[in-house]
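First chain A sits with chain B, and in the next complex the same chain sits with chain C.
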Partner chain A sequence: MTITEAPPETATVATDAPDPATGLYDLVTTGDHKKLGAMYIGLALAFGAALTVVGVVVGLERIDLASVDLYNAFDQFVQAWQSYAVGLVFLVVVPLLLGLATAVVPLQVGSPAIAFPRAAAAAFWGWLIGGGLLLASFIVDGGFGTPGGLADPEPTVLSIVSLAMVVISLGLASVCVATTVIGLRPAGMKLHRVPLFSWSMLVASVIWLASFGVLAANLVWLYVQFRYQYGEPIAGTAEATEVQPGMWAQIQWAFSGPQAFAWIIPVLGIAGETVPVAARLRQRSYPVLLVAIGAFGLLSFSAYAQPAFSRGGLQVTEQAVFVGQSFLLILPVLVVFGALADSLRIGARDVGAPRSWLVASVLGVLVLLVGVVLTAVRAVDDFALVGTSADSGTLHLAIGAGLLGAAGGLAFWTPKLVGRQLTPLTMVGALALAGGALAGGGPDFISGLLDQPFLAGDGYIADDGVEALNLLSMIGSVLLAVGVIAVLVDVVGASVRGRADDAADDPWGGHTLEWATSSPPPPSNFSAPVAPVRSECPLLDATESEPDDDQEES
Partner chain B sequence: MLTTGFKSFAAWAVGFLVAAVVFGYTTGGSSLGPLSVGWKGAVGNHVGYAILLVAAAVMATLAGIIIAFRDADSDAAAGYLRVAEAPIGQRLTQPSFWPLVAAFAVGVTLVGLVVTPVLFVAGLVLLTISTIEWTMTAWADAATGDPEVNRALRDRIMGPIETPILGFGAVGILVLAISRILIAVSAEAAVWVAIGVAALIFFTAVAIAVRPNVPRNAIVAVCLLGGIGILAGGVIAGAVGERDFEHHEAEGEEHSESGDSQPGDTEEPQVEAETSE
Partner chain C sequence: MATATTELPPAAELPRPRTLLVGTSLALAGVAMYFAAIMGIYALERQEALRSGSEWFSPGTVQVAPGVVMWFTVLLSVVTMQWAVYALARNIRVQAYLALLLTLMFGGAVINQTSFYLTDIGLGIGESTASAMLFTVVGSFLALLMVAMLAVMLTSVRALIGQYSSQRTDGVVAASMIWYLMVAVYTGLWLLIFVTK
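Here is the complex of A and B:
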């Protein structure tokens, strides 16, 4: 027996176009990857603007650590720092890169849609709702606790569960992106011909999924422990509960090197896309870059760096695997950097005026290189840098590199997102971001060498020069905020600007399939079936075959 | 006709069932335990037996869904639609609220974990509803290449389920709201409110009946405004609280008191008596 007994009377004409929908209804019901990507990007930048301002206030407080001045108590200072770190990673950098991937990857692999579009939509809404709850929990005195301090139970548990929601949502979005790369490629686009950004997103999605799983498990563990071991029954109580000492330590692995660099794997892919286009040549040693990005992903995975894995009196960060991994992480970045520098050298005469996307993405790789080198130094036991402000220094560099990569990607692909190009304001933003990352991360690292503890606070007497370094770090935070706000203003401006300056379909002479369609693309992405792909640069193939065709015709 | 998808999942279901029974016997199950799902004796290793049995149940459910909805079989779809070839599947996803609702439900569930179990359960209910609706919409979207046909298919299946549930829900909420109003105002005013609401509904219905050309949107707007008005009144009345009631005891004795004082009068002495013992 079937539930429907008679065929419907309407004709069954296949159609690609979904129902036309506009306005708010369109926003809340869409499964279009381009709109979802744009929403990720806009909201992540808005979160970024707010959180980098929080970072500035934290930086101001850190200048003089002998007393807590701007906050009511040391606990509040720690909460603010945690909101800054957690927020910038999971509400800004990862969603920015994931939003860019949600919008661009299906176009790059010639697919009419992202895989599991409704799951992608649910992931976006889950991230947004979870992110809102996370920020709300920090505002109402939540967070992940100050070791030995007191925590308000309900907001603290809200922080735990809302971060879990954010992490699971981002994991779901990663599944959609990874499945798109694996399953929706056109004929001929084998994995070694996948565009570098899509490849980096595939690597990142796999590493992120592995990391998100561990982090979600950590959060479940914290929830159970906080609620049933350290805290009294929570519902209806407002009494402060003593925080278990290892609460933040349990999840700190996600916010320090090498794992901090796992969140920005696509930065290498973005630079790998933009540099050959600027140099107007095929990227040499393409398979080597694919391997290097894959290796970077594998080596950046350090979700095991948790207190529970300390063995034989050795902390995880003192064990050979962690130290070796921290050092090896430099190699793939060097390989990518070298290959891209080689392309720029060969194509120097064709590069022309520096484009904001080229400047931002190359600066992103440079900051990333600085970050991984300092991460290797941090792993050297003799320097005793783990647990010092060097931790926040490497995180700063990772976040800065991620923001730079995202800014470069945005400037490069905005024609495909909103049909318009960004202005030189993004170049200003990129320079501010680079300055902010280096000025924020470098001084923190040096003050770590001078034994300033990670999250030093009330009563800490700094060595000579540390306060000046903290002032410099605060200036770095200001620059980071300026950079994010500049990019946000430019992206919003491009979105609301009139249609007079609509971008060309291929304004940069791109190599990959997204440049073969209109700007912005139609609902089904491509108005004609995608031809079989013969190399990693299908559009260059088409350009290069044109003279041959002409000769044949003549 | 048994579809290919049904055969596949049914075979898996039988396979898992047999595996569960064999596993039960080989891990110390009694003679009838593995066959009776533990009703008449031991099933052996509980964990493995349960996993295999659940797998069999899942496969059987999928097989049932497939035979009911004729999925995963293009020939069956073509036969059902009485066309020579199965229509091309829809390539682009239609707009849907359910991803947003599902995400919202997860958020409500998690906030419920922190705040109150009531919210937690409400979140789970909303999540279940959104999962069912999402599944049915996804199934219908894949049926043919025509969104209108797909919507009609979905409505034909879900309409008979949704309409009574939504109807009962809406009526229940209105009844609850009106009852809150009636028990908040004085006894005399409650009579007039009841008459007023009834008259309003009656005369609105009469007005619509005698003027059949009234635009549909206008009727919807009137119903919506009326519903929101009653709901708002109910919420306000709920916040204000109940008036004092006269409670009649079994013997017919009558006295006036506030609603919550009676249980305390009878319970507290008992507690004291138990404590003194």
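Here is the complex of A and C:
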């Protein structure tokens, strides 16, 4: 197999390279993308474990809608829900996928490092500090405005500023990942030959950057309003300016509708990587998949869906663009799903026992498909689902699909990154995540059809069956928490135990460049320069050309 | 006496110049979205205020003249910034330093004019939605201008110590991209605030 061209002197230099420094100092100052990726993944899963438990408590409160039992006031319940939604998106799902990309993308494109390693490190620390402050702000009564306006003003300002810090940091990390894909590819790896995960990260990074820009603008405007106008008299009246109740509406677009699925674009790329490897074949219609993932990214961008655009008697969610976008979003997912199902059908005999990475990534696409279908239904005006619990249902499905995709990616690439395979615990976690996403999102969507408001409680009289659906949704939250904790335990366990004695460099028969280096990879990723790439599956090219080489030699 | 010709060794491979430019372009795309969004919010808030029958700014608060002066200042800085790129690409270093210095001077002038203007109109940030929006948009622009000036300063220092030359201009080109975006943003801001009022 000829994947790397190894002049002897180059190989010697790489082998003799001194061991990198270890310890806290190295951790804080490192620009090594593999360590940064590992830190993102570990901390995002830890945040995930904490926040999914918050989700369980929120779910428990919703079982009895007649009164507020577990919180002091309805506003506190709203704050808890906001911490759950904001945290799961920006402290768990997006950083988990970005962490995976930070660790894997440079290896996939044959680069010795990530682009702008110091910026990548700054992004990580900015995200961590911002994320810590965001959670702290919720603990001390912050948040993004509550219906009763009871949230404490200063922690609310801290919530706004810390979320802005998180968003800017994630944007910076996206720049590093996207630049790596565009600028650090080896010879021959044209954009149409980029591995699907790297491609999906490029698409995601561009869409995220655009979305983060809009979200940052919203946050700055909220900050100015809240800091300088809140409580001030409205010109010409004796009334005080009320900003709090409208705050969440200003940023809600990021957590509902097609935009909720923009945060999980890489799920399609992860499945696109794992399925052909499991089926032991080249993915057919590769360019179609590239286009489908790109289209999914474009169609999921709906940062314009803000209340300010709802003027003239027509809500933005009732406008043709939004409705059309919600429906069209199904198409690319169907294309990817169909292409991957085709691969699994053709390679069915070679798939063998289901691997956790295959199960998790395929379930991720399935949950995503359910999510986008329900998002299209939500957009139908006749159902009047916008503003009901159907919003939290689709968000639940998006988060579940994101976590499943990330779990699949972790199970697939952990042997490469730490030299040890994950245990069946990740399979259990993946099944729990899938169950949690469907049990959490489905009932919320149905109760939305039964007119349960987005955040119901505090004396709300529910229709028959809504509280039972809420109980089911709470069980979904429990399963989600179990899934995240199972994956966290397995990943941390594998990292702590380190490289297995029998670790193989390519345990799955991978197709892309990351499998051509050792497990875990050396500090500069490849011990020799990467040979020119001739297709989207450089390792398959090498394997297929070997018999010919042997024949020529004989 | 025979003349010996010496063949020079091939030039060393340059570090990938595209990386910095690609990264800068991506980051600027995010920044552009930020300004598109904040200006969109400004326009919608203004439209809503006018539709409800109230005035946006009191007559005479926003005048065209200061905005035009600032706009011409930033337009001039485009010329000097491009001059710096041109001169450095041709290794005319003295001209490059002069152009970078002039660009910074124009940037400083815009900060000075803006702060004078904001003081002169005498609006408090929390006084009305219009003034809050004005300070938000102009403040965001000033932040971008300062980042652009920082990039130009960094470029100047790196050019002075010889890191940038005709062989390697990616840093100064990246700084110029940030500068041009800043000018484009100001042009939008000028139209939005000073022309439409």
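Here is the rule we use: the second predicted complex is superposed on the first by the 514 of 554 C-alpha atoms of A that agree within 3 Å, B and C clash if a C-alpha of one lies under 4 Å from a C-alpha of the other, contacts with A are read in each partner's own complex, and residues count from 1 in each chain.
Definition applied: a contact is a pair of C-beta atoms (placed from the backbone, for glycine too) under 8 Å apart; a residue touches a chain by one contact, two chains touch by 3 or more.
Since the model is a prediction, treat every value here as computed from it, not as a measurement.
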Comparison of chain B and chain C by chain A residues contacted: B
First, second, both or neither for A:A432, with chain B first and chain C second: neither
Partner chain in contact with A:V224 - chain B first, chain C second, else both or neither: second
Touched partner set for A:A115, first chain B, second chain C, both or neither: second
Touched partner set for A:L158, first chain B, second chain C, both or neither: first
Chain B versus chain C as contact partner of A:V333, first or second or both or neither: neither
Which superposed partner A:V206 touches (first chain B, second chain C, both, neither): second
Footprint overlap on chain A, comparing chain B with chain C: 119, 235
Interface residues, chain C side, partner chain A - complex: 16, 18-19, 22-23, 26-27, 29-38, 40-41, 44-45, 47-48, 51, 54, 125-129, 132-133, 135-136, 140
Contacting residues of chain B [partner chain A, same complex]: 68-70, 80-83, 87-88, 90-100, 102-104, 106-107, 110-111, 113-117, 134, 138, 144-149, 152-153, 156-157
Partner chain B, residues of chain A touching it in the complex: 1-4, 7-8, 10-19, 21, 25-26, 28-31, 112-113, 117-119, 121-122, 124-126, 128-130, 133, 154, 157-158, 161-162, 164-165, 169, 223, 234-235, 523-524
Touch list for chain A against partner chain C, complex: 115-116, 119, 171-172, 174-176, 178-179, 182-184, 205-206, 209-214, 216-218, 220-221, 224-225, 228-229, 232, 235, 303, 308-309, 311
